Structure formats: structure tokens, C-alpha cells
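Order as written gives the chain letters A, B, C and D; numbering starts at 1 within each chain.
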Amino acid sequence: MSSSDVVLGPNQYGKAEVRVVRVNRETPVHTLMDLNVSSLLRGDFTDCYRSGDNSRVIATDTQKNTVYAFAKEHGISTPEEFLRLLGRHFTAQDEVAGGRWTAESYPWERIQVPGPEGELRAHEHSFVKSKQEIRTAALTIQDGEEHLLGGFSDLTVLKTTGSEFSGFPRDRYTTLPETQDRIMATDITARWLFAEDAAAETDFDAVYARVKQLVLEQFALVHSLSLQQTLYAAGEAVLGAVPEIEDIRFVMPNNHHYVVDLSRFDLENPNEVFQAGDRPYGLMNASVTRRDAPARPHAWEWLGGFC
Amino acid sequence: MSSSDVVLGPNQYGKAEVRVVRVNRETPVHTLMDLNVSSLLRGDFTDCYRSGDNSRVIATDTQKNTVYAFAKEHGISTPEEFLRLLGRHFTAQDEVAGGRWTAESYPWERIQVPGPEGELRAHEHSFVKSKQEIRTAALTIQDGEEHLLGGFSDLTVLKTTGSEFSGFPRDRYTTLPETQDRIMATDITARWLFAEDAAAETDFDAVYARVKQLVLEQFALVHSLSLQQTLYAAGEAVLGAVPEIEDIRFVMPNNHHYVVDLSRFDLENPNEVFQAGDRPYGLMNASVTRRDAPARPHAWEWLGGFC
Amino acid sequence: MSSSDVVLGPNQYGKAEVRVVRVNRETPVHTLMDLNVSSLLRGDFTDCYRSGDNSRVIATDTQKNTVYAFAKEHGISTPEEFLRLLGRHFTAQDEVAGGRWTAESYPWERIQVPGPEGELRAHEHSFVKSKQEIRTAALTIQDGEEHLLGGFSDLTVLKTTGSEFSGFPRDRYTTLPETQDRIMATDITARWLFAEDAAAETDFDAVYARVKQLVLEQFALVHSLSLQQTLYAAGEAVLGAVPEIEDIRFVMPNNHHYVVDLSRFDLENPNEVFQAGDRPYGLMNASVTRRDAPARPHAWEWLGGFC
Amino acid sequence: MSSSDVVLGPNQYGKAEVRVVRVNRETPVHTLMDLNVSSLLRGDFTDCYRSGDNSRVIATDTQKNTVYAFAKEHGISTPEEFLRLLGRHFTAQDEVAGGRWTAESYPWERIQVPGPEGELRAHEHSFVKSKQEIRTAALTIQDGEEHLLGGFSDLTVLKTTGSEFSGFPRDRYTTLPETQDRIMATDITARWLFAEDAAAETDFDAVYARVKQLVLEQFALVHSLSLQQTLYAAGEAVLGAVPEIEDIRFVMPNNHHYVVDLSRFDLENPNEVFQAGDRPYGLMNASVTRRDAPARPHAWEWLGGFC
């Protein structure tokens, strides 16, 4: 085989996990944004791969520096907008045809301290980290188009009743009994795709809060016949309430809770004592989308768990 | 060397990380306790180690079963009380002279859903996991005495100002500049020892909430000259307000946030843009205790990070 | 918006991380295969998502049971062949149109013990886990076609010299100096796609060993002008030597090692003392492929880090 | 309560996880040491804790700098000797009465490349990380005495037969059947205490290799009636063969492998197909020591899992 028969396929490179904390100190009431940013560039880098010619390779160190400099120059309003600043900056350069910019954003709450009358008030510059979930964002620029995703990861929920699973096919290897009452628990990871025209004027923080609340609500309120049904209901509620979103995708494990057999100890166990399992776990990946949404596969490529 | 010159030293054995979820379904408003329980027994197990004689070795599987059966029979009121039930059960058996029982407890909050008027209300049986910190408990029984520890791990806090570090010695290897204004951030892990007489009637949940609030408050309110000073102030506040506690110990990393040098890009950076570091990090382990507290070293043995 | 405007997009569901250890005890010299298997099914599951109708939903518990039963009935020769058995079994069922089956395989070595003459020999049934890398496999069945990937993850390598990085563009945010001598270190994760006709008679273990050796060799022997160049050389060597493979893709972080500035202590540091960094790190994803390879995008979808 | 009733208890502080890679380039055949070093100082730091007076607080940043400078000035021969250099340096300073210095050391092997005749040879400067286990060391200096520990963590072993567990007591909560043949698997973590007079001239690398081999051998060769028995046999073998060691302590989980019930599928399973469990797991901590060894409790304090 001659080496000319071998070619470079899809590729991207950059700097991953740039940890930037941006404090706004304009007033005594400080605010902070705490992000983990990755920048991956795409373009014609064949010469670098084939012969080590770096003349078109914007150093990953430069990408890191740009994140920090932009945090100062532009501030960080929302993860989505910060990624858009970065993506447009890099694709304005000759060497860069497109790329993927992603961020995790860690929420912090103000610490409550006693005020003069003893009542609690929010402190000006002291924070405690809320780890309920991690907010995520991802921007892809490919072929001149921008694809912007909001999202969160690992929002862990559990309901102690209101969940069934029955009516599934039985074959030689089926031993699971049907159940009309079980614990349902999952860690919800979601990403949602903003419609292209909506992305410009969207209030990303408001959308984020709305989606999170809708997903939690549906999890609580839907009497669930399967985790799939709950996932779909959550997606449908989001698409119904948030017109800026055209597609929402979920990765949801089924965190099994096994009813412990206490009959061996002459005890009944009417769904009161459970063993929380680790592995294996059920897993589903699914998209809920608008019927007329345009196909935008580039938005989702390379992201594990999303098609 | 003859084998009679070799002896068994300190030892314990048992079952680690028994994941038990206990649901209380007595009313439609369910409650749940979500624990990770470990049980380690001590006694004269020399024959097992030297010759494989298991006649005194209560199987670790039996210990696991006991956790689940007790969750049903006695319920789980607080981690501390559940461990005490287990510890007294096992040490009542001939084979067991003492042991260590520990638990992690994962807090859950009710999901808020819209009520009939649209206002939010707490759902009856649907929960979202609060991961701000993990509650811990540890009970040691040794030489007929009980040592009970409450605690929490990884309560992550950060203040954007109100923290200095200066006046430290300088030698050949010192390059750190003094600073009058820095980010201070840490993950607070604490364990507190209940006074022996107090343990019986203590409201463990109330103590837990009080300690957590006091520690957060001190972190926020103390103008800090060192992380050590903040730690001590937190300990002193707890001992001052909670008479049931006689000793409180902390493991606290100093999660460094480095001011990024933006002068290379002709930008000022008056403590606005930081790189959050991973490793290395400062670390301190320290106890704050009552002057007249009895020495109870067995309470702390084997627990990493605590003396 | 009516709910008829919302549709189910791409989706799959199944059981993840089924941990199966298969021992072959046919002779006193035991062998073992230690796998972590996931099975994700695709098909028309719309009714489950929309209305909780599970009549076509093969339970994830059934999928788990099948893994264990097949391990007994068919044994586990290689991860690739075991996944093929599973995939063909499930897609032979009415409800299943396709799916994704993946495995991690953990290598074990025999423990060396002294033989009768004191020389070391391999023990018959005692093993120590080799954690140098994890072997992976993935099978996708979609539209009646099989796409089979071999691979490994996290093969960690480092060279103390023989690596440069220079000639890259400089802009306002570039501060990185050029270097003719640096440590190069990475954790190599690779997946390779078997040609469709080759997959039937391939010796998967032989291919695995050959690819691993070739990748290690190229890392060692190529004088590297960039990590990209090393990646490409490794891919080219594999495609040149292993005709069964038509595409190989890599995820490779650049594990930075920073030369510590010791001049502050009046010490020289000619590339002798380094700080190993955690975050941020360089990152590249790239494919090296045959010019005439057919496009098979389904092989790579949903797998994070691969396009 | 007046604040004078509160006192500072046991404490230490310092810099954790300083990642240092030291390359020896004296000849074209490079060698490397890859360590993760922590330095924790003890002394009278009351004023820092009580009032923020840092005049005796050697900055943790200075401790980090010292690690890097010493790596250059003295090289890193073995983890044990490097920690001794650090410990003696710090305790020679007025502010420091004692402390704890620990290291993890990551082993690397040379990559094998084809030589001129095609046979494999070890490369001069390219390495692959061996992750079989992590080597550890810990030095405590307290009250003018040095306590030096060698060790390793997470050496994962498994035997497919040659392990029983029976004869244990049965009570109301016992359901475990007795077994004469099971998989035994564990992750061996060990620390050994060097005799005080031996520490000076010990060949630490030779001791390390010898202990690891003896522990593996005993795991393989002992027909085990309990994991405790195997642990003790390993400890006894080490004390018998290595006079420099006076105490060896183990933390060993029992990594359960459950025989899968295949009778539900009309299949037999004579210990051929196992589910590898995650949690819960058995756990034991135990010391094997010389009868006449002096009590040296300070050597083990603060280290989790060791008394």
C-alpha cells in the first residue's frame, strides 16, 4: 500500500477543560461565573498531520489564552453567549473553517448569613456550590452554519411510587416479573438545540430555568408506564412551552432499585426497603423533536450519547 | 524466623458500602432515607487469620442482610441512630468485641410542581437529589465504650474577597507574593464527636443543620488571614453553640484560584479572571476541641485525614 | 402546538455495563474473559415513548440475562465475536431493527510463582490484572449492515525527548514559546473499523496485538513535530500493515508536562524537572482512513469523541 | 462558654499532590521518576489558627517549590529516600516539629521497538505506563523519630478456584450458603513499616520487588479458607523473608463474583459464568507484625484504612 492511499478523515483539535472563574466586582455584591471551556478547531490541517507543518495550527495554548482574555474583555453573560464569542473569533481566522466549543457551568448560591435582626440574608461575596446538576452548552460551526445547544447533566431524580413496568415481551431469557409499583430513578442529562433564527435574541438563562423546571415537573407528575414514556413527556412539554427549542435529546440511565427479599427473615417488604444498584443499569438515548425541524446532524456529532 | 514470632496486629473486617434506601409509605406523603452503610467488626479472629477457622467469623453477607432487615424492623430515623442499632446488635454477640459502623447519607429534596392555582408545592413522592454535601456518621465501639461522630463531606464554598495571606516566613524556596485580596475556596469535610452523656437524647438532625449553618456563616463572615483561621473560627463557633459536641475535626483543601496574567494581552486583571487549579492544592487537617474534653483516640482511628 | 407536531427522533435503549466473567475450566489451566457489555436496541418503539405501550420493548433485564446465558452457551472467544453473537440474536427478533453492542475487556496475566527448581512459572488459576489499557469493541447493526469496531482506551505513553513544537501562527493571544525539545505524553484511545468482507474470518486477537504494537512503535520511533503527526503516523502504519482495517480513529489528549522554572532558586533546568499538568490539556480527535473506504457513518455515531 | 475553653487539637497542614516528573538525561538512555508528593507540616501553629498570625507558617507554595528544587538538586533515587530528604529539610527549620510526607510513584516501562534484525529492544526514551499497581511511601517524623513506610495500592488479583468459605456462624440473618469453590478477587493495598535501624541502608527498590512478588505468590499458592487467611499468609511470608520490615498492613476488599443462576434458562453453571459485583463488598484491614516489634502508632495515624 502506498501512503498516498491513506487520507486524513474527520478531525478536530484544541484545548480541553480550560477552567475559568470570572468575578464581577463592579458593586460590593459580587457575582461569579465558573466555567470549564473546551475549544476544538476544524479546518485543513492535513500538512500538520502528514508532515508536521504547523504553519496553520493555532496553538492550543493560544486558544486557552483567548478564553481568559475574552473573559476579561467581554465578561461571561451566559455559557451560550460566551461560546458564541469564541467560535466567531476563531472562525474569523483564515486557518479555521469551523469547530466545536463546549462549556460546563457550575452553579453557586449565595451563603445565607444572619442579618442585624437575626433573619437570614444573602451574603455579598460568599458562595456555596450547588451540585444538583451541571449546566452545559455546545456550539458547532460547520459549513458556515452555527448550531447551538443548551443542556444540563446529571440531574438526579427518584420517585417512590407512580411508576409501573409491564406488558413487555417474554422469551426464553425473560425472568423479570411485571410490576405495578416500583421506584423509578435516573440521572437526567439533556441537550437542546436552539432554532437557528431564535438563537440571536434568546434569554438563555430563562430558557434554562424553564426547561429544568418542566423536566422535573413531568418526572413528578406523569404516572409512568416506562422510563421512555417519562422521557418523551418531558421532551414534549419542553417543545410545547419553549418555541426557541427545536429538538431535545436525553441520556437517561435507569438507576435500578431492587426490592430486598426480606421474607427470608420473616419480614414483609411492601416496597419499603430497597437495594440501590450500581451496575448494570438500564440506559436510553432518545430525541424528541419537531416534525418540521430541519436536519442538523452536525450539531450532535462527536458528543457521546447523542446521535 | 519461626512463625510464632509473627502475630496479628490491629484488624477489623466486614461489609462495606451497603446501599439501602428506606421509604416510609405510611401516608401518601412519602419520605425516604438513602444510605451507604459499612459494618466492620473487631474481636478475636486470630484463628481465622492463622488457620482459616471461620467459626467466629460472622459472614460479611450476614452483616449486609442485617442492615436491610433492620431498615425494615426499626426504620431509619437518623444515620447516627441507625448505626447505634447496628453496633449494639453486633456487639451483643459473643464473637464481636467492638467495631466501626459508618454511613453516608444522601439528601433529597421534594420536587416542586404547580398546584391548582399555579403556585409551586412540594410533591408527595418525587424527589431531586441535593448534592451540596454528603452527610456522614461513624460509630466506634471499643473496650465497651461508644464513640459517635456526626459529619459531612465536600461542602464546597468560595469567597471572592475578604481573604488575605501574608506575613509568612521567606526562605530560599519562597516565591509566593503576599496578598491582601484573594479568592478563598475549599471543600469542607467535618466530623464532630458527641459527648458521651449527650449522645442518648441528642436531636441529631437539629445538630446537623446547626453545624452546617454555623460553618457556612463563619466562612462567609470571618475576614480571613489564613484558611487555618477560618477553620478555627468555624470550630469555635460550633463548640460555642452546640454543647453536645466536644471535638470537631476538619479536612480542608485550599482550592487555589490563580489570577491570570493578562498583562501579556495589554489587559488589566484586578482579581476578575482566575484559573481554578486542580493540583497541587493546600491541605489542612485540624481539630478544635474543648480544653477539658476526655481523650478518645479510638473515635478517630482508621478514618483517613483525621488523627 | 399540538402534540402531533412533536415526533420521536433517533433513539436506542438497553442495558449498560453488564459485568460478566467467563471462566474456562476444561483443563486445570483455567482461562478467563472479563467483560463489561452493553446492549442497546433500535427499532420502532414509538408506542412505548408516546403511550407507555411496552409490547415491543424487550426488557433490559432480558438483555442482561441473554449476555449471561450466551456466555455459558457460546463461551467468549473474543469481544468482537461475542458482540456479533448478541447483535445477530437480537436483530433476529421482530421488535429489533438494529442496535449497538459494546464491550470493554480487561486483560489479566497469570501470576508467576516459583516452580520446583525455583524458576518462575505461570500459575494455573491465579491472575493479576494488567491495567495498561482497556480493550474495547463495538458492533453497530443498522439498515441490515454490520459495522464492527475494535479498539483500546487509555494506553498511556510518554517520551522524554524526540518531540518538538514550532512554526505555529502567532497572534495577539499567543505566548507559547517554540520548543525543539519537550516531553510528549498522551493517553491513546483508538477504535478501528473492520472492512465488511474481512470481518468474518479475522483473527481479532492477532489484529489487536498488532495494532497495539504498531501504535507504540510509532510513538517511540517518530521524531515528532506535533502530536498530530505522531497520530497520523500511527494510523498510517496500522493501515499499511493490517488490511482488515479500513479506518482508525484516535482520541488523544496532550498531557502537558511543564518545565519548572528553577532559575528562581539559582538552579538550571535543562528539561530535567517537570510539573505534570491536569487541566487544561490539548485534545485531538482524528481519523486516518483508506482513500477508497466506503462511507460508514453509522459505525461511529453516538460514540463520544469519534465523529 | 469562653473561647479560652476551646483549644486546637491535632493538626497538620501543607501542600498535597505535587506532581513531579524527574528525567535523568545523563546518557542517551533516559530514566524517569514520576511522583505525586504531599508535604504536611506539624508544629506550634496555634497563633495562625487563633489570630491569623502567619509568622511561623511556611507557605504551602514554598513546600511545593522545595519539592521541585530538591528533585533537581538531589535527584529522586527512590520514593522513600526522596521523602526522607524532604522531611529532614523541613524539620531542620525552627517552625517545624514534625510532619508527614507521602508519595505515590507511577511505574513506567520502556516501549519495545524492532531492532535492526527485527527483534524487539527497549527504546531509549519512550515509555508506556504500567498501571498494575501504584507504589506508595510515607514518612512520619514525630517527637524526633522517623517512621518510614513503603507500600503499594490496588494490585488487583483473582483466582478462579482454590478458595473456600465455610464453617461460619449462622443466625437469623444468615443466608449465605457454604462454598468449597469460589472466585476470590481483591485489590491489595499494603503498607510496610521499616525497622528503625534498617531504614538507613535498605535497598528500597529491592524490598519493593520482593514484597510484591511474595504477596502475589501467596495469593496464588495458598489454598484459601478465607481472604483473612490469605492476607495473613502474605504478611507472614513478607516478615519471614524481609528482615528490614517489622509490620505490614493490608486493606483488602473482597471483590465478590456471584455465580449467575442459569438454571432459569435450563443451563448448568458449574462456576463458569459470574457477575462481577460493585457494591457492597467485603472489606478487611489487618496488620501482621513481629511479636517483639516496638509500638509505633504515629507511623499509621491519619492514613485511612490503617490503624
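Here, a residue touches a chain if its C-beta (ideal position, glycine included) is under 8 Å from a C-beta of that chain, and two chains touch if they have at least 3 such contacts.
Just so we're clear, the structure is a prediction, and the values are computed from it rather than from any experiment.
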**Message:** Measuring between Cα centroids, which chain is at the maximum distance from chain A?
**Reply:** D
**Message:** Looking at chain pairs B-C and B-D, which one is connected by more C-beta pairs in contact?
**Reply:** B-D
**Prompt:** At what distance in angstrom does the C-alpha mean of chain D lie from that of chain C?
**Reply:** 30
**Message:** What's the distance between the Cα centroids of chain B and chain D, rounded to whole Å?
**Reply:** 23
**Request:** Return the distance between the CA-based centres of chain B and chain C, expressed in whole Å.
**Result:** 37
**Message:** I need the residues of chain D touching at least two other chains; which ones are they?
**Reply:** 19, 65, 69, 173, 175, 264-265, 278-279
**Request:** Would you tell me which residues of chain C are touching chain A in their complex?
**Result:** 1, 3-19, 36, 38, 40, 45, 48-62, 64-66, 69, 93, 95, 165-171, 173-176, 224-226, 228-229, 231-232, 235-236, 239-240, 243, 247, 249, 253-254, 279-292, 301-307
**Fill in**
Given the complex, residues on chain A that touch chain D span 172-173, 175, 264-265, 278-279
**Message:** Which residues of chain B touch chain A once you look at their complex with the stated criterion?
**Reply:** 19-25, 30, 32, 34, 65, 68-69, 71-73, 108, 111-114, 123, 125-132, 155-162, 183, 213, 216-217, 219-221, 257, 260, 262, 264-265, 267-278
